[in-house]
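Shared between the two complexes below is chain A, which has chain B as its partner in the first and chain C in the second.
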Partner chain A sequence: MSAPDKPKIRVAGLTKRFVGTTAVEGATFDIARGEIFGLVGPDGAGKTTVMRMLAGVMRPDAGSIEIDDVDVVADPEQAKLHLSYMPQRFGLYEDLTVDENIRFYADLFEVPRKLRDERTGPLLAASNMEAFRRRLAGQLSGGMKQKLGLICSLIHTPQVLLLDEPTTGVDPVSRRDFWRILYSLRESGVTILISTAYLDEAERCTRLALFHEGRLRYCDTPKRLKALMPGTLLAITSTAARDLHKALLGRDGVMSVMLVGDGVHAVVDDADRRVPELSAALDAGKIPHGELVRVTPSIEDLFVGLLKDEHAS
Partner chain B sequence: MTFARILQVFKKEMIELRRDKWARFRLVIPPIIQILVFGYAATFEVFGVSTAVLDLDHTQESRDLVSRFVYSDRFQIVKIARNQQEIVDGIDDSDAAIAIVIHPGFAQLLRKGQTAPVQVIVDGTNSNTALIALGYMNEIAATFSRDYMTDHLQRTRDGPPLRGALVTLEQRPWYNSGLNSRWFFVPGVIGTLVLTMIVNLTSFAIVREREVGTLEQIMVTPIQPVEFILGKTFPFFLIGLGEVVLIAGVGTLWFGIPFVGNPLVLLLGTSLFLLSTLAIGLLISTLCMTQQQAFATNFFVVNPLFTLSGFSFPITSMPTVLQWLSYLNPLRYYLVIIRATFLKGVGLSVLWPDMLALAAIGSTLLAVSILRFRKSLD
Partner chain C sequence: MRLGRIRAMAVKEMLQVWRDPRSLMIALLMPVMQMALLGYGVNLDAKHIPVCTFDREGSQFSEALLKRFKSTAYFAVVETVDNYRALTAAVDGGDCRIAIVVPPDFSKRLSDSGASSVQAIIDATDDNSANLALGYAQSVVSGFSADIAVQRAGMQGQWMAAPAALSLESRVWFNEDLVSRNFIIPGVVAMVMALVGSQLTSLTISREWERGTMELLVSTPVTPMEVMLGKLLPYFAIGFFDAALCLAFAVFWFDVPFRGTVFTLFFTTALFLIVVLGLGYLISVTVRSQVGASQIALLVTMLPTALLSGYTFPIDQMPALIRAVTYLVHARYYVTILKAVFLKGEGVVELAEPILAMTIYAALVAVLAARAFRKRLE
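Let's turn to the complex of A and B:
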């Protein structure tokens, strides 16, 4: 990626405490114009809290947020004009039709009628929803509701789009529509911050920020993050995954072991040396197992690996 | 603050209300049922109290006394008992709410010019009915003794007829000459119904937006909380006015409750009262995350307001602390205004303190609820 001249979004030392817990602690990151910046991390990591603070609906306890030159903390109302925030559950009025919902949100942003009508058509077309303009929002499928939410969020052509798990529970076809729209937005220079639980979606982001327990642990492109991961990932199928997990844990050269659907994923320091060693050890221990296959780590492996490391140190 | 955005929210709310087919039913039928039920059922007067009689004296005097109960429409003799046990059973089984026992020697005492006791047993479970019925009994007993005395004097004296010295009350109830309790209740029902409906509508509508997630969504748009609140609650204000017209219509046309005051005074009072009810609903909505919570909270808020309003229980009979508390109750003032405009026909020159109190309570509540609403979004 080319060096961004000036970051679109600058976040520094962002902190939010709730009674008894710290939801976000000292998060610092920049987002360049036109990025699709992914927020990933387990539930409760603080992703939604970060989004809400960026959207100006929650006041941080410390730290600063700047979008362009607008200080979001000091002047959230000014910031709201340029950004759009789509919460996990987009608030559509189910008793209003698709058109009425769009009109309502356009009116709240004071989009002139002519401009609104010009924008509505292409957005509906891009999301394959032209046929449903007069349908009540409550009667749309989950995927279409999310797409309508996105349209409502885009009707005032924001420069920054904040999406909190927009595709959770959305059918694959709608998800594809959704991402197509995101890519075209990016083309037109919109900066997108998206949190997602789908790791295939994380791979599509230009950069990823991994949050864990309120802290930003890693922030880089998916490719470089993968390079961060030391060792080689082995996939081992087994009918007795738990025994296998126990047998591998703490062995020489085994850096981490994780249970997956049909066996375990293990990270080893030197695959050439460890594969025969482990194989022999497992045979000796009479633990049923398949072949030890070298695989490219997914984002999930990556994060589990990285977070494990951190806990160990 | 822009008027355009308030209008957008208002329009949105009206479309939603129009689409909600149940709303029309909910807004019209229950109030009418309520007013009918109250109009017919809510009365302090007591008629046909089931009464058991045990006459152990068997004299002309005792029979005369009993016959006065028989001919009063306040009492209905359901049982002529033969012994004390039957009286006890009758009260225990709730066959009779009142028992009159005339002991042997009743007439003898009377004839000697002495005080003759009559035993009255009352089922005190329903203390209100019991008290009122006892009042009627005292009246009957007093009339009986007066008649007996005049009769006795006349028979034992020669010369011109003589009456005992008596004081009689000449009653002149103003504003409700028939002392009809319906006239007292029906206007009051307007106040209580509007309170319940508007508090419920407002709190549910806002909590629903919170539940569905539209509230969060709206707050990331440039709309101000105040704009949202105004646009959102104005339809309920109109509904409140509509309810008053509806219930007052049924009250005057169906039950013949007079409306002698100035409708504009009532309109002003209603508007000020609606301010408070909207604010209460809004305040509850800031405390509740779900409609169930709102339902439970409304119940706890509306019931004390109702009890401490003077709707049916006189405020002057309450302990001092509760009397003070009732000064904070908007319903208290509205009931004064509504009864006064319906029955007395007095205007602002008399009602201004109540109007002022309503305005003060309403605007304070509204200010607090708007501040709280803002906070509750964090």
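Let's turn to the complex of A and C:
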């Protein structure tokens, strides 16, 4: 969890309780300048609560948040000058046009008119939205709405960008636009904290924090997280994936089985020993299957593996 | 506090009102409709009160008296009966509000002693109309008896003796024609402005919560004061337009005499607008759903204004405890001011007391409203 320079964001012991539940418990992590830091985990894991506390719109019950030298808990208004937050639910005005929304947020951040106009053009161009400047935000597609949200949050050139599931429900083309913008922001030194439900996006982050039931379970680069995963992942294609899934479940040496598009992913403790064993067993059970291929786990496999591991212990 | 941010909020709010049919209706249609409804609906003058007559004598005098009931605009003789049972039925059945019975010895007693009496039976289920009917009946009868006295004096060869040694001549001030509309309409203006004003702003914050735009708004550096001022400014302009519309309606359509100055009117209206808009805003900040906020705004403005502002029921006739409560009703001061400006032509100096009270009210609401809004999600 070490960051090269002095961290841009330092979070320590962050805790938030709601009536009856603890949403976030003792989360501690640092984010370096220029990182794309991913928050991942199932729904209700506490990602949104963490985002809100970092954005200064929700007060933590315990713990500290520092962005540069600003204490976000004590002085959220100071922090808000340098960050942008994009909530999970579309937060712009649907009865205002694209231009009117941009203008409104630029004015709230006191961006001079000339500067605003200079920035608006390239931002709209980068998101392929120039043709929609006069359209009401409510009449935009889901993807365009999110891109407009990003434009509005970038109009004052924030140093820190907090994005809560910005690409959920967004078409693949818009998602690609979105990530292209994020990469270019990163190059100009913007620090990005993003939560996502898409694990292919998680792989693009410099580091990932896996939240589960309010706790930060793992925090590292995607590559090193994958190395953490015990066992070896096997991909097995099959025309009868369900039967295959059933046949593998609970067998000696099989740690987990997960249905994927064209078959199953199974994690085994010792591939050299188990591949011939399983292959023979499947043949004996007359279950149609392709070759048992060793693959590098995706983030999704990783989480299923890691969280399962934890439940077992 | 930054002017640029206030202006941005105001422009945004104005665009939203302009594009929202519901807000537009509250802003433009509601005042006109309410002025028309309340202005025409509330009328305390009684005319053509249905009356039933029972002449037990049938003399020249009795007929002359009843003829007066027929000829006045206050009454309309709907039934002439010849027994008490029919009379009772007419009153019970609601055919008439008042029944006049002339006794069989009416003219005999009149010629014997110079004094006689008639009986009036009044349906007093509505005490206000009953009082009015009784008053009008008394005036018809006393007009008749005065004429009789003059006639008798003439017959006795005396030259125009005074019908009574002393007579009370009352002179009504400020509302010379005793037209109830003249004191009701200024109250209606206050009522409409109280309703419309709070309705306008009751949606402004709750709408942001409901549509999910608040989370983003509170993450920007905008201050609560800037939010409040930016949001109230457009509604202040709309409210002023509405007030001008209602006041013009009162003067030019309902012909209410206007004796004060336009300055006093607009100055006090501005103060009242701050109170009602601020109140709506305060409710909107506290209640996070649009429907809830709108209902509560209706409840806290409508009932107190209708009942306790002196708009329909005079405050000085209320029990002491209720009278004390009326000091909390914001419309009380505006109703007092409007009536005085319209009918008495009073200015800022004469109205110092209610103006001061309203200023304190406005300041209080403004402070509470400014402090109620927090840039937090919980």
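Quick notes on this structure:
Quick note on the criterion: the second predicted complex is superposed on the first by the 277 of 313 C-alpha atoms of A that agree within 3 Å, B and C clash if a C-alpha of one lies under 4 Å from a C-alpha of the other, contacts with A are read in each partner's own complex, and residues count from 1 in each chain.
Here, a contact is a pair of C-beta atoms (placed from the backbone, for glycine too) under 8 Å apart; a residue touches a chain by one contact, two chains touch by 3 or more.
Worth saying up front: this structure is predicted, and the values here are computed from it rather than measured.
When both complexes are superposed on chain A, chain B and chain C occupy overlapping space and clash. Of the two partner chains, both chain B and chain C are touched by A:56.
In the superposition on chain A, A:92 makes contact with both chain B and chain C. Of the two partner chains, neither chain B nor chain C is touched by A:272. After overlaying the two complexes on the shared chain, residue contacts for A:69 are found with neither chain B nor chain C. Shared-chain residue A:43: touches no atom of chain B or chain C. Within the superposed three-chain model, A:107 lies in touch with chain B and with chain C [touch as defined at top]. Clashing C-alpha atoms between chain C and chain B appear in just one of the listed stretches 63-71, 153-161, 297-305 or 315-323, and that stretch is 297-305.
The contact surfaces that chain B and chain C form on chain A in the two complexes overlap at residues 55-59, 77, 80-81, 83-87, 89-96, 100, 104-105, 107-110.
Against chain C, the residues of chain A that register as touching in their complex are 52, 55-59, 76-77, 80-81, 83-87, 89-96, 100, 103-105, 107-110.
On the side of chain C, the complex with chain A involves touching residues 2, 4-5, 7-8, 11-12, 15-16, 19-20, 211-223, 375-378.
Residues of chain B that touch chain A in their complex: 2, 4-5, 8, 12, 15-16, 19-20, 209, 212-223, 377-378. Chain A meets chain B in the complex at residues 55-59, 77, 80-81, 83-96, 100, 104-105, 107-110, 136, 152.
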